[in-house]
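Shared between the two complexes below is subunit A, which has subunit B as its partner in the first and subunit C in the second.
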Partner chain A sequence: MIDLLPVLLVNGVVFGAIYAINAIGIGLVYNTTGIINFAQGEFVMLGGMLTAFLFGHVGLPLPFAIIGGVALTVVIGLLTERLFIRPLWRRGAKDWTYVFMLFAVATVLPNLVMLGVGRDPLTFPAFGVLPSVKLGSVMLSSQALWVLLVTVLVFFALQSFFDRTLVGKAMKATAINRRVAAWLGVAVEQMVAMSFGLAALLGAIGGVIFTPLISTQFDAGVSMTLNGFAAAIIGGMGNMRGAIVGGLVIGILQSISTAFISSVYGDAVTYAVLFALLIIWPHGLFRPLIELKNEEI
Partner chain B sequence: MLEVRDLKISYGQIEALKNVSIRVDKGEFVGVIGANGAGKTSLLMALSGAVRVGSGSVLFDGEDVTHLPQHLRVGRGIAIVPEGRQVLGPLSVMENLELGAYQRRAEPRAVIARDQEMILDLFPILRQRAGQLAATLSGGEQQMLAIGRALMSRPRLLLLDEPSFGLAPMVFAEILATLRRLHAEGLACLMVEQDAHVTLETTSRSYVFRTGQIIMEGSSSELRQGGLVLVEESYLGSGEKSP
Partner chain C sequence: MSWRPTHTQSVLALIAVAVVFPFFGSAATVTVMALGGLYAIVAIGLNLLVGYAGKISFGHNAFMALGAYVSGILTVTYGWPPLAAMLVAVVGTGLVAFLIGAPILRVRGHYLAMITLAFAQIIIIVSTRWTEVTGGLTGIPGVPDLSIFGFAFDTKLRMYYLIWFVAIVLFLLSFRIVDSRFGRALRALGAHEAAAASLGVDVVRCRIQIFVLSAVYAALAGCLYAHFLNYVNGTFFDLSVMIQLMAILVVGGIGTMWGPLVGAVLLVWVSQNLGGYAEYSQLIFGILYGGALLFLPKGVVGEITARLNGARKAPAGQAEPVPSQSA
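On to the complex of A and B.
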């Protein structure tokens, strides 16, 4: 059994990457709004499903199908904010109302996909180009390498967006103190819209790089949301570095517990370990960069 | 320049401002004094767009800005130094200044950088702290940063909410000296302060607030000579609280 460990670790890291991407998306929306986006995993599903649809059913070449799938998902993310968040925001709704709205979105979107695209799992070919790599005794497939590479790129791209661009800093300012940000001339509503757009973009990218590995289907979003949410909490909500670590922790835990204990109880074991971690570090492994002051909306 | 007519603000059942009318002329330094809960902060919240106005109007340079969204006001030339400073703690001093010029983002970077230099000349201590997180600054340094951040928008009217808040008298005196200098260079200021003596010494005209109303107004020197007893009375018996 123990010689399986390297394989399981690598596998866990690859799955951890998608959880990390989701955790970052959840953190982005949390930072600007103070709410948890329970539709985050649906963006992953949409990215994968729409790309697969455009490729398999419409017959677009893969690169165009990917661009189309990601773009459509971003549009859906922006629409989610526009139709379900902003009207409530303007009228001062309570946090749980948004959360409920996002649950509703997370319920309706898969149904629409089921009606429009179908119930069957879909996939599309691996991207190729990159070689598969031998890490010690483990073979890392070309597509798994894509997953890791894109995740790292996404992380650094976001990092420099927040550290180097004025708009990125304005988004951070919004997260730190909405009222002050507005005094400085930041249109807070635009920042909220942008955080949903970015969250959808991240989810879609995650769906696109991951689907060739395991395929996807209309109801794949829920577990993506839950694992991303768990990763965000373990890492420290809204902290990007924490999201990466949290994603890896969960990916590796799942991979190992499923293999060593039981595929049936894998999730239960994972969550038991997470409970223990949270009892020791109730605020997550990394400190949230920003403590939102909701009373200052 | 600024003309406020019959302004009313309420938070639920509580009336924070009842028919307040004030004005600030070009280049004037105007004070608003009164006890805690007199409605001073509510006035600045309304002028900066952070709270909804019940009725009345706010004119700025002839434009009706009563219901102008909060984030557009700084572009019109109204900047605020909020109570408790409210610097962006997790960001650096330079980033705070940079964000002060957010609505000028279409301007060339060199122009913004030159203004940043000007602020650092005005408050040399901030130059030493340039890379530090704003949260690590002392109270006085944070106040300087809050003022510098507001100046980065090149305002024509500076709203100052309780600038003495939590500062040692020496530190506050230094900040007041800087404010006087800015005023001498032509910047109009509206300062809300609990400290009546300092305010009347610094400003040319003042309003005295009590429970959401103006009970006295006039030139600060007159208020200082004749009415200070009355001014002090205005601080008594006003235990009403407002945000």
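On to the complex of A and C.
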């Protein structure tokens, strides 16, 4: 069994990358709104499913299908905010209302996908172009390389977005103190919309790079949300570097636990690990970007 | 409309309707309303958690499952008497809820929602795959009828009365809870946590107590479910059940006392009459409660109470009806 370890580690890192992307998405929405986005995993599912649909059923060439799938997912993310979150926000609804609402979104989206696209798992071909790499005794497939590459690119792109652009800085300001940001002229509502759009973009990118590896299905979102959340907690909510570490921790734990403990129970093992982690370290291993702030949303 | 029923009148009317209903309903509708009573039991507890303590659980379907499976396994596999099995199931589930709630409810924010969702996923997966103990996908058939002090609840009608008896007792108990010292502390912390804490409310302790209480209600409903259908199966308690529970809360009216009852009766009736659309039940309930959050934020009961209050107060010259918190 022990000679399997390098393979499991590499697999864990590749899976961890998608959880990290998800954790960043959850953190973005959490920072600007204080809401835990229960629909984050659905964006991953939508990115994969819509791209697969555009490629397989509509017959678009892969690059266009990918652009279409990602764009549609972002539109859905923006609509989610505009139609379901903003009215509650303007009404001054209690904070549990948002969680309920996002859970409703996370219920309706997969069911709509099931109706429109079907129950079957879908996939599309690997992107190619990049070679597969041999790391010691482990073969890293071309698509796995894409996953790692895109994750790193996303990380640096987001970092410079938050550090260099005015919009990014405004979002960060909103995260640190919403009221003061509003006084200083930040359009807070737009920042919230943007955080949902960005979260959907991240989710969709995650779904697109990941689907060629294991295919995706209408009900794949819940486990993506849970694993992403676990990664976000470990990494400290909204802490991007922490999210990467958290994602890797969850990915590797999952890969090793399913191999060594049991594969019958599949996700249950990961959830149990998640569960234990949250109970032992509810505050995570890293500091959140913002220490939990004012409760009112 | 100036007349408004008093609390006693409303409760008496409820009891009368519950007692008389089987004389008019068919056997099938009695079964449906018994299910409605089971959902009401869970919703009453969940309403205390969400509506009064302001915390969310997405795992109450799993607490129902725990109650049902422990009852089923102890009575069928080990031949325990149902009442003893029920006691172990309910107390055991309460203990599990305590172990989850105690660390998590110390943390602010909605971590409880996420961890209970993970817990529910674990329970569902384990219950359908741990074949030696839970019977896997086949479940546990042959759960015996419940009998209390020699009286056997061996017909659906008898179970209907038992279930609604429990539901109404818990319903009345929740008035006592909400109006007790504990309940006032609970409402205070739901309204403003920091203010409640500074007034001496032990916020964490309160939350843990209410979470455990609501889990116990769910476990009790799960036990009754097992004895009602004489059968336990993991698919009875999957995510759709949680979605239905949330729809019950929101449509009925979160934070109102009558909301869970009204919501449970309404939505269980809807879910049993979907006919060919049963496949879309998750979609329908998701849209239903998402829509209710947007357009009917106080739920059916909250809306009716507000109208009645408005109608009563309008002549006295009060422009803004203030919806009563404990309605």
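As a working rule, the second predicted complex is superposed on the first by the 274 of 297 C-alpha atoms of A that agree within 3 Å, B and C clash if a C-alpha of one lies under 4 Å from a C-alpha of the other, contacts with A are read in each partner's own complex, and residues count from 1 in each chain.
One rule holds for everything that comes next: a residue touches a chain if its C-beta (ideal position, glycine included) is under 8 Å from a C-beta of that chain, and two chains touch if they have at least 3 such contacts.
Please read all numbers here as calculations on a predicted model, not as lab measurements.
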Which of subunit B and subunit C A:277 touches, first, second, both or neither: neither
First, second, both or neither for A:105, with subunit B first and subunit C second: second
Touching partner for A:7 - first (subunit B), second (subunit C), both, neither: neither
If touched residues of subunit A are counted for subunit B and for subunit C, the larger one: C
Touched partner set for A:173, first subunit B, second subunit C, both or neither: first
First (subunit B), second (subunit C), both or neither touched by A:130: neither
Touched partner set for A:214, first subunit B, second subunit C, both or neither: neither
Subunit B versus subunit C as contact partner of A:184, first or second or both or neither: first
Which superposed partner A:148 touches (first subunit B, second subunit C, both, neither): neither
In the complex, subunit A residues that touch subunit C: 34, 36, 38, 84, 87-88, 91, 93-97, 99-101, 103-105, 107-108, 111-112, 115, 222-223, 226, 229-230, 233, 264-268, 271-272, 274-275, 278-280, 282-283, 292, 295
Subunit A residues within the subunit B interface of the complex: 166, 169-170, 172-173, 176-177, 179-188, 289-290
Residue ranges of subunit C touching subunit A (in the complex, touch as defined): 50, 54-56, 58, 99-100, 103-104, 106-111, 113-115, 117-119, 121-122, 125-126, 129, 193-194, 239, 243, 246, 250, 280, 282-283, 285-287, 289-290, 293-294, 297
Of all residues in subunit B, those that touch subunit A in their complex: 48-50, 69-75, 79-80, 82, 86, 88-91, 95, 98-100, 102-103, 105, 149, 153
